[in-house]
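The structures come next, written out as structure tokens.
Both of the next two complexes hold subunit A, though its partner changes from subunit B to subunit C.
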Partner chain A sequence: MPVSSTYLLRRLLYMIISIIGVSVFGFILFRIVPGDPVLMMVSPTASLEDIEALRHQLGFDRPLYIQYVNWFRDFLSGSFGTSIRYNTDVLELVTSRLPATLELVIVSILVAFVIGVLIGVISAVKSGSWADRILTGFSFLGFSLPHFLWGIVFIVIFGAIAHLLPVSGRIDIDFEVTPITGFILIDSLVSGNLAAFKSALAHIALPAISLALSLIAILHRTLKSSMLDVLGEDYIFTDRMKGLPERKIIFERALRNALIPTITILGVQFTFLMGGSIIIEYIFGWPGMGTLLFTAVQYKDLPLLQGIVMVYALIVVLTNFLVDLTYTIINPKIELR
Partner chain B sequence: MSSEEFITESLFEGFKSILSIKVIFGLIVLIILFSTAILAPVISPFDPNEQRLNEAYKPPFWVKGGDKNYILGTDSLGRDIFSRLVYGARVAAVVAVVATILTAITGILVGLLSGFFGGKVDQIFMRLVDIWMSFPPVLFALALIAILGVGLKNVILAIAIIDWTRFARVVRAEVINIKEKDFILADKAVGMSNTHIIFREILPNTIPIIIILATLEMSIAITVEILLSYVGLGVKAFTPSWGSMISEGLAYFRIGWWGMLFPMLATIVVILGLNSLGDGLREKIDPRLSLMR
Partner chain C sequence: MLLKVQDLKVSFATPKRMIPTLHRVSFDLDYGEVLGLVGESGTGKSITGKSILRLLPPNGMITGGKILFKKRDLVGLRESEMRKIRGKEISAVQQDPLSSLNPAFRIKDQMTDILTLHTDMSEKEAEEHVIQLLNQVGIKDARSVINKYPHQLSGGMCQRVMIAIAFSCSPSLVIADEPTTALDVITQALVIELMKRMQEENNTSIIFITHDISLASKICERIAVMHKGEVVEIGKTEEVLFNPKHEYTRLLINSIPKIEKEIRTIFNGVET
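Now for the complex of A and B:
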């Protein structure tokens, strides 16, 4: 279904405005440092010459607008400067950590989708039953408590008390998986290393579930209400009259239509989980962009920090754009704004 | 009344009572939190920072080896956990109130102006909100703390800088709804000033929604403070915060579970209480309102 071109253009324009806005914002944010940003970055023992050399290297001795123009030009060409802590290109550092973060977020979404749909269907079909009430209670818990609290709860229960699952890292250090895609689950499967795959799966379990709980709750609520709507439709009534088996009615006829509003939620939630993954990575020692961010904060590595902030923001802007587009494609009657 | 009607009727009544249970539970938690915060010096038996290294790792009094003086035990530095918990409530309450007031003022102002004037003003404000919301809150908070430095004031400032958008968006939508109502059109027709209409006529009508938002904002503010203190970027060292207590307690979890359990429980109860209050109020006041993130 073609999307109206004026809408597409306007949405594209919004996205460009957002990207420019984000870049201005990211620039200003790191120039409002109280005192001298250069002093923040050097070691306390640095000589005056070292400080001035760094100031010149960062271009901080130039007028502000020139600094911004230079920064925006570099930003467009993907050059985010050099990390002070690692002395490596910022973009290189960030992209090397990106697959780990994406793997965590995507696995969380998959887990949330499977569980969320399952309990959503149960709640709708058995609406008002004890099962429904218990699930609704769990949903409220899952939605109310922040990701990091779940993370800590799981570390204590499964890690410290029961010793069931690993609580730190992506895989046991004994395994060596040659990176192909950067997604360790896929790479270990492709190279046929089942033991490594199992280890990676065990490592991702707790962080992914901690991150997934809020989304499970949201999917549960949304799917329950849309299932209840669909189950009240005439065609479901007709199906029942025709004597179709209940299982077939629920999973094939009703669920398919009820899933549409659920799927549009996933896009928005992707950006939300990207944000949540930061603290989950910290808690579980997951070597993604989130832990890199903490290193940047700890070492006051401003170029690295700025690079990471911009990459997260760009991912959010692009995702929102794609979500709006798919939304209008799925449902062309709705013109957003 | 048929039996079927009776069942739906009683289900409905049951549903309604669940709602009020949510609100009552939330209010009780809120009252306990604030009275603990205000009465902290009276309630706590010890100075929360007083160290007695030879009394370290004492379990709660009901556990073997416990000491009646330290009802919830002591931490790795021999500080009284109960006293730290009580003073931690003070930090949480201060953050909740001050940060919520600051975010509310900014957000409500933007929402009122954006919704009332529409057009260019609205466009600019809403683009600004979009840009703001492109930065994941945790990332935003960490970046701000990296720049501003740690400490209670900066934690509150960071929350205020980040979270006004929530108020702005919801209040704006509400204002757009209200401003087409007859009584506002009548005010305009008789020549009332915009300032008068915005602050005297529209603002009072948004108060129910503002109360719901403020309740949820308090829970968010407390969460952010605890999260930042947990990672060591919140309050300064030695200020008792539930977040830093949890991370310290995790470090000596094998020696004593009590160090992390009590601040964890306090955090969970307070966050659940505030969410349940917000959710319960929303269901009662404005069921259409969706506050899903």
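Now for the complex of A and C:
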């Protein structure tokens, strides 16, 4: 394996520095934006003394660097503090919302992968045909609007006008699905509740597609061009010379080679979609970390805000690391099996 | 007569217009014969070979002529019919052995596919047959080689694998397009020797494409000289070499340093 221990050490150091950087940046940023978290907590009739007492109790009256050091000490011991708004442990709160977000992002990526690869292959094989032109046009459209605008467009078309698909929540409230993995699609299937699965599938359709569109466009373009390159290679000539059916040549022999550039794209896009999911969740009332983040901002719930940002940062840094690792392993010589 | 190419014309579509590339290419080939297709690069040798397989680049088109293979005209034959001929009746070896094998698949997968397609061998039988074939082309540790990827083998090894693939269904015709150009001199000689042996053992006809007339003279019974999309001269190797009729053939022979000497050593070598 072409990965040295110094490389791993360097990456680990880089990850730690990134995490600390994000924590400092977030800490300062959330405290300089206007709005007093303590005022959000007390009743409008509370006296000035009560407010100051609460502020002291929460530690918000201390110097910023002391607050940070205290927070960091707790963070190292695995504690993210207590949410002001929910009065619950932040870590517990965030991890209860994390599966919903991951489910949304992963389903988006799967949808994008299947569709993007398929239309990429079609565009390459029928390069220059009307089918290719239409698909390229759709791709361009998908790429030219941001996620949230697509979300709004879909809500209007499928929700408000056609009433075809639900536009809010993860599942109909009538269904009771016991969490096993936290992924509602899997949990409903595992417990054999097909009706619940259908409902969950219908609920995830629009947010997932809104989030997937830009990735579909990117995959379409990448795969079309890498597929065109591969189809002109000598080894594809060899396969044709053998008389192999074109379907086998394209979907087996050529596709495996053409997919290699898309692997890195998927890793980078995962973090990009994590970011995009924040606003998509908000638009579709998806009970994940994104909506939680909006609530935290709204109520200036500093511990919660900081906790959410740290989880996002951890996910991004870890994904980048894994992507780099896969890439280093695949890169020098292509070996997929 | 195995193959008769008659007034073959090929054009390429460019954004502006059709560019005629082959004009009136004609030659024939007997069963078990090795014919050299010789000429400088860009004269249309590879395009001729690809036309016979009906595997021209997407913008290329046969615009006239006939390719009579076993008395059947391949021009205008349906793609599904062509696919039964490719690999089974006509196969090819290309110039660059490393790039003509798929980097993402094991040697095994790239050798059994043609067998299971054209014969009624099972996957297992095909694998056994592949090991025999590899032994035949001089690869001894065939059992470990079949599990390797192309980049783990040398260029010479890859070309042996390609030759094994090309001969695996005992085709009547193998089109060898500069099969040794990418190899070093010693490997080149070994590969030529191997092709000659395989050809004799299977009584295969070969179209041997090369820009090197002295190399062609080592393996070919007859030589067709191509120039600017036409066959300008065709005849027995000795005749073409010692008594060239066409101006261009003379040029080709003169451009090779010390050709006379080399040819003498070859023919002396054959006689002794």
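Please note the rule applied: the second predicted complex is superposed on the first by the 312 of 337 C-alpha atoms of A that agree within 3 Å, B and C clash if a C-alpha of one lies under 4 Å from a C-alpha of the other, contacts with A are read in each partner's own complex, and residues count from 1 in each chain.
Heads up, the rule we're going with is that a contact is a pair of C-beta atoms (placed from the backbone, for glycine too) under 8 Å apart; a residue touches a chain by one contact, two chains touch by 3 or more.
Source: prediction; values computed, not measured.
Visitor: Figure out whether A:Tyr282 sits in contact with subunit B (first) or subunit C (second), or with both, or with neither.
Guide: First partner only, subunit B.
Visitor: Examine A:Val317 and indicate which partner it touches, taking first as subunit B and second as subunit C; both and neither are also allowed.
Guide: A:Val317 sits against subunit B, while subunit C stays out of touch.
Visitor: Determine, under the contact definition given at the top, whether A:Met274 touches first (subunit B), second (subunit C), both, or neither.
Guide: first
Visitor: Which touches a greater number of subunit A residues, subunit B or subunit C?
Guide: Touched residues of subunit A are more numerous for B.
Visitor: In the overlaid three-chain picture, which partner chain does A:Leu145 touch, first (subunit B) or second (subunit C), both, or neither?
Guide: first
Visitor: With the two complexes superposed on chain A, say which partner A:His56 touches: subunit B (first), subunit C (second), both, or neither.
Guide: Neither partner.
Visitor: Please work out whether A:Tyr235 is in contact with subunit B alone, subunit C alone, both, or neither, and reply first, second, both or neither.
Guide: In the superposition, A:Tyr235 touches subunit C alone.
Visitor: Would you check which partner chain A:Gly243 touches, where first means subunit B only, second means subunit C only, and both and neither mean what they say?
Guide: Touch status of A:Gly243: second partner only.
Visitor: For a test of understanding, state which residues of subunit B touch subunit A in their complex under the given definition.
Guide: Those residues of subunit B that touch subunit A are 11, 127-128, 130-139, 142-149, 219, 223, 227, 230-231, 233, 246, 250, 253-254, 260, 264, 267-268, 271-272, 275-276, 279, 292-293.
Visitor: Hey, which residues of subunit A end up touching subunit C in the complex?
Guide: 232-245, 248, 253, 256-257, 260, 333-337
Visitor: What does subunit A use to touch subunit B in their complex?
Guide: 14, 17-18, 21-22, 25, 29-30, 32-34, 128, 140-141, 143-146, 148-149, 152-153, 155-156, 160, 218, 271-272, 274-276, 278-279, 282, 293-294, 296-297, 300, 305, 308-309, 312-313, 316-317, 320
Visitor: Where on subunit C is subunit A touching in the complex?
Guide: Contact set of subunit C toward subunit A: 53, 55, 57, 82-88, 91-92, 94, 96, 99-106, 110, 113-114, 117-118, 149, 151, 162, 165.
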